[in-house]
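Following are the structures in question.
In the two complexes below, subunit A is the common chain; its partner is subunit B in one and subunit C in the other.
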Partner chain A sequence: MRGKGYLFKWYVVLFLVFLYAPAVLLPVFAFNDSSIVSFPLKGFTTKWFEVLQSTEALHVAVRNSLIIAVTTAIFSTAFGVLAARASTRFAFPARRSIMGFIMLPMVLPEIIIGVSLLVVIVQLGFELSLFTIILGHILICTPFCIAILSSAFMNLDRSLEEASFDLGQTRWNTFWLVIFPLVMPGIVASLLIAFTISLDEFIIAFFLAGTEPTLPVYIWGQLRFPQKLPSLMALGTLLLVLSISLLVLADYFRRRGLKKTGIENSGGFL
Partner chain B sequence: MTQPIIQLSGVDKFYADFQALSQIDLDIRTGEFFSLLGPSGCGKTTLLRLIAGFETPSAGSLHIDGKSMDGVPANKRPTNMVFQSYAIFPHMSVAENVAYGLKARRLPKAEIQERVAEAIAMVGLQGFDSRASHALSGGQRQRVALARALVLKPRVLLLDEPLSALDKKMREQMQSELRRLQRAVGITFVLVTHDQEEALTMSDRIAVMFDGKIAQVATPQRLYGHPNSRRVGNFIGMMNFLEAKITGASAETVEVDVQSFGKVTLPLSQAPGGVEGCQTVGIRPEMLTILAEGQTAEREIDAVVSEVFYYGDMTYYDVKLPQKDAPVTVTMRNTAGRKVLAAGDTARVGWSPVALLLLR
Partner chain C sequence: MVLISPTLVFTLLMLAIPLMMVLALSFWTQNYLTLDRSFSLANYKTAWTEPMYQYLMLRSLKISIFVTALTVLLAYPVAYFISFHVTPKRKAMWIFLITIPFWTSYLMRIFLWKVILGYNGVVNGSLMGLGLIEQPLSFILYNQNAVVLTLAHSWVPFAILPIFVALERVDRSLIEAAEDLGDNRLRRFLRVTLPLSMPGVIAATIIVFIPTIGDYVTPRLVGGPNGLMISNMIELQFKKANNAPLGAALAISAMALVTCVSLVFVWMNRKFMRGPN
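Our next item is the complex of A and B:
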């Protein structure tokens, strides 16, 4: 028995090492004073971050990515609210299959979505632009938003709505005075998740970007130049910190939402 | 008598193929404490939600205060509801919850403040105004829900199993408090409950419901003393049933041959559901007496005690009567000097024809 437990312990440790060691290497080399990314380390420097600051093309890519991510977050969350509300409150024919189809892009290979969107957009005669990337990102982010928001809406006691209506309030005001504040944490979490997914999405952005690259597309382009690798490590470090912070923030809001409605925390990703 | 506050006539409610309510005719009087009592699934909550405006009848009509409620949504009805889950808005304080309905009516701020304070005091929550509602106990939530509804001075207050989430002690306290509150504000209360004791102690009148139909509407005393069917008698309290055969009838009496008990002549008032088709006689366990030595009764039967359940203040006996397979239950108060019998003892059971009910 003891031997078995030992094995499992090592298995878990190895698993975590494989999972996180590469991510840990990013900041290590980002601060390494050498243009060659290899051990042994040469010394501490912040010059790679300074390089980032003076690279104009990078700034454009960051700006593009932010525009796309913010727009995507807003629209996919809005769609998510509508779908989550509809699927948790109202019974309509074929509800399950409709919801299933809406959630499908979550498991569909992105390359398929990317290629098929490209074909459609070119056929329709649209120019590839930030707008087309936004369309693609909304498509893949909405299912995640629906998943988060559905749980927020499902946790709402239906009699709260009825109580508000019973006390003389209109349906419209009931939504803004009772439902919205209570699902607000879910909405914030949904915005953050969609923002994060869109920010580091590569495949769809790569297919649908015209002359305006997003950050991940820009990074991929820079990988051809070995001397730029350390500054990309620095950039990666920044992105890593940003992504983790956003995820933690999103889960914080999800938990706060549960607490507000007095429901036991179950599941969640952190 | 004034016009009923709530009038239902010929109300049906269908959910797809399932009939939740069928042919409900009911008048609820202004200012009374009225209870809808029945086992779960009998349609009592559906009926309450229909009055509140959360459900629409499939057929029939509903009038509140003489006005048809056809097409009138819940937020325009002179009713307010206390929900089973209380439905306290968790993101608002006690005072904000109570003020919610007044704000919806766009009343002036000063009036809102005054009425909120009044309502909070009425339910005994002074000092809790700014308390967050998720930090309240079950009993306190219940009071907030009451204050939130009563502050609007509705014509009718609807209560959906309001005490079912409370523990026994709290429940008993709230029962008397609800009763006191109802008398104080004079508003018609309509209470849904599956707890017969709760209905008996609180109500002016009770409607007993089974399978989407109203079985009987009566005062608590009438309901307990003169249930109009075997089913109602069995649902409200305990009742022993004996086979009976009608052997004759006159304008005012009916002759019945009762299993084990023998022939009796009963006035028609002891057949509350009518004589037609009756094959059962019912008698409450406390109407039977185990006679002590030397004690006599109007009628007596020799029986054998088959089981004894001792409750301290009471003893419940299951006794075997001649010519009857199933034992009947007799409850006796354990007064001073009274001997508690043991299983196997013989006993004389005393009874009186006045306590018999001829039932369908």
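Our next item is the complex of A and C:
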């Protein structure tokens, strides 16, 4: 009996090594004092991080990515709130198919989304810009926001709402005074997740980027130059740390939201 | 209905209409710089009959199937472990731990597989260090194996979630019942747990299989010349080759193909699951 459990544990440990191997190697090479990204390691240095500070093109890409990620987070969360509230609280015709359609970008290959938006933009004669990337990112982030927000809205106790109506509050006031505070942690989690996805998204951004690159598009362009690789490792490390912090924060808020509504924490974001 | 409408309208505008336009575009033809808007099946004829595209399409399909199989095989034991061997309090933490890599540094993650699998890479370095091999292995990078491995790594967290959810829903008393009736561990798993978790496996299969065919970064970075997939061709047609209609026809053909394969898979599964009863 015992042997079997151990076998399982060993498998899971190996699996985690496999899963985290790239993430662990990223900082290893970022601090490695060698211009070639390979073993054996040469020594400790922080010079690759200093290179980043003096790269002007990188700063522009960071600014673009931040603009896109913040806008995307706000809009996809707003769309997510509307859809999650509608689908968990009200019945309307064809609810399942409408929700299925809205969630579709989650399973659709991103290249299809990128290509189709590109076709529309070119056919209508618009210029590719940060705005077009934002549209694409809102489309793919909204389903993830809905997934998080739905659990927040689903756990709401309806009697709280009714109590508020009985006490003479309007629909609008009820939403702001009763529902909103309760789902607030879910909203923060949704904002953070959408921000993280948008910041890291490459495929759609690559199709829709005009002359203004986002951070992943910039990284993609630099991957061709071997001498740029160590500083890209440093950049990747910073992004990794940022993403993980945002995710940990998002998970914290998601759990707090569940606690507020008194539900047992049963799983991850989805 | 009013509440959902902004989201719905946005999705209609940004997804349904663009997809329609891609469909329309695939029936048009490109003459150098001008677009001929008369209906034609020429692009589909090229996409389905020209050996290069046929070959790429089949290879992509093959790679996607391998990736899906590998992903589900890797994911199932992990999902099983979390559902059956982890205390309920810790489950959420485990799921979180497993999903983190899925959300972070997509490009760098793929690139690092190149470093891991390369000629002077981590795998070769450690195997040679252990004295297991004398020459670096060259069959692990710049080919289809590398593409399959890297894609499986990308998608495995996404496959664990639905399987985990399905396993959580398995009524534990049914397993106990099977135990009481004298089934051993393996039989219990094969006759109770596995069939009941099948919906999760199917969901995982589809969630991994469909998007996999659309990845062009992984084949480009670790695939080498023989590891390229149809999405690299689609990208090429839309960007450098400037033949968007052909690209559209290829994209729609690829989507149609994966949808058909998924439907056949779901259908077969349903038939198989009903069979023994």
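Following the convention adopted for this analysis, the second predicted complex is superposed on the first by the 261 of 270 C-alpha atoms of A that agree within 3 Å, B and C clash if a C-alpha of one lies under 4 Å from a C-alpha of the other, contacts with A are read in each partner's own complex, and residues count from 1 in each chain.
Keep in mind that, in the parts below, a residue touches a chain if its C-beta (ideal position, glycine included) is under 8 Å from a C-beta of that chain, and two chains touch if they have at least 3 such contacts.
Keep in mind it's a predicted model, so treat the numbers as computed, not measured.
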When subunit B and subunit C are modelled together on subunit A, clash or fit: fit
Subunit B versus subunit C as contact partner of A:S116, first or second or both or neither: second
Angle at the Cα centre of subunit A, taken between the Cα centres of subunit B and subunit C once the superposition is applied, in steps of 10 degrees: 100
Partner chain(s) touched by A:V51 [first = subunit B, second = subunit C, both, neither]: neither
Chain touching more of subunit A, residue-wise (subunit B, subunit C): C
First, second, both or neither for A:L25, with subunit B first and subunit C second: second
Touched partner set for A:S243, first subunit B, second subunit C, both or neither: second
Partner chain in contact with A:L167 - subunit B first, subunit C second, else both or neither: first
Which of subunit B and subunit C A:L182 touches, first, second, both or neither: first
Minimum C-alpha separation between subunit B and subunit C after superposing on chain A, in Å: 19
Parts of subunit B lying in touch with subunit A, wherever the complex brings them together: 52-54, 73-76, 79-81, 83-85, 87, 89-91, 100-101, 104-105, 134, 148-149, 152
Partner subunit A, residues of subunit C touching it in the complex: 1, 3-4, 6-8, 10-11, 14-19, 21-22, 25, 74, 77-78, 81, 85, 91-92, 95-101, 103-109, 111-113, 115-116, 118, 120-122, 125, 153, 156-157, 161, 164-165, 168, 185, 206-207, 210-217, 221, 231, 234-235, 238, 244, 247-248, 251, 255
Touch list for subunit A against partner subunit B, complex: 157, 159-160, 162-170, 173, 177-178, 181-182, 260-262
Residues on subunit A engaged by subunit C in the complex (per definition of touch): 4-5, 8-9, 11-12, 15-16, 18-23, 25-26, 29, 37-40, 78-80, 82-83, 85-87, 90, 92-93, 98, 101-102, 104-105, 107-113, 115-120, 122-123, 135-136, 138-139, 142, 146, 193, 196-197, 200-203, 207, 216, 219-220, 223, 232-233, 236, 239-240, 243-244, 247, 251, 255, 265-270
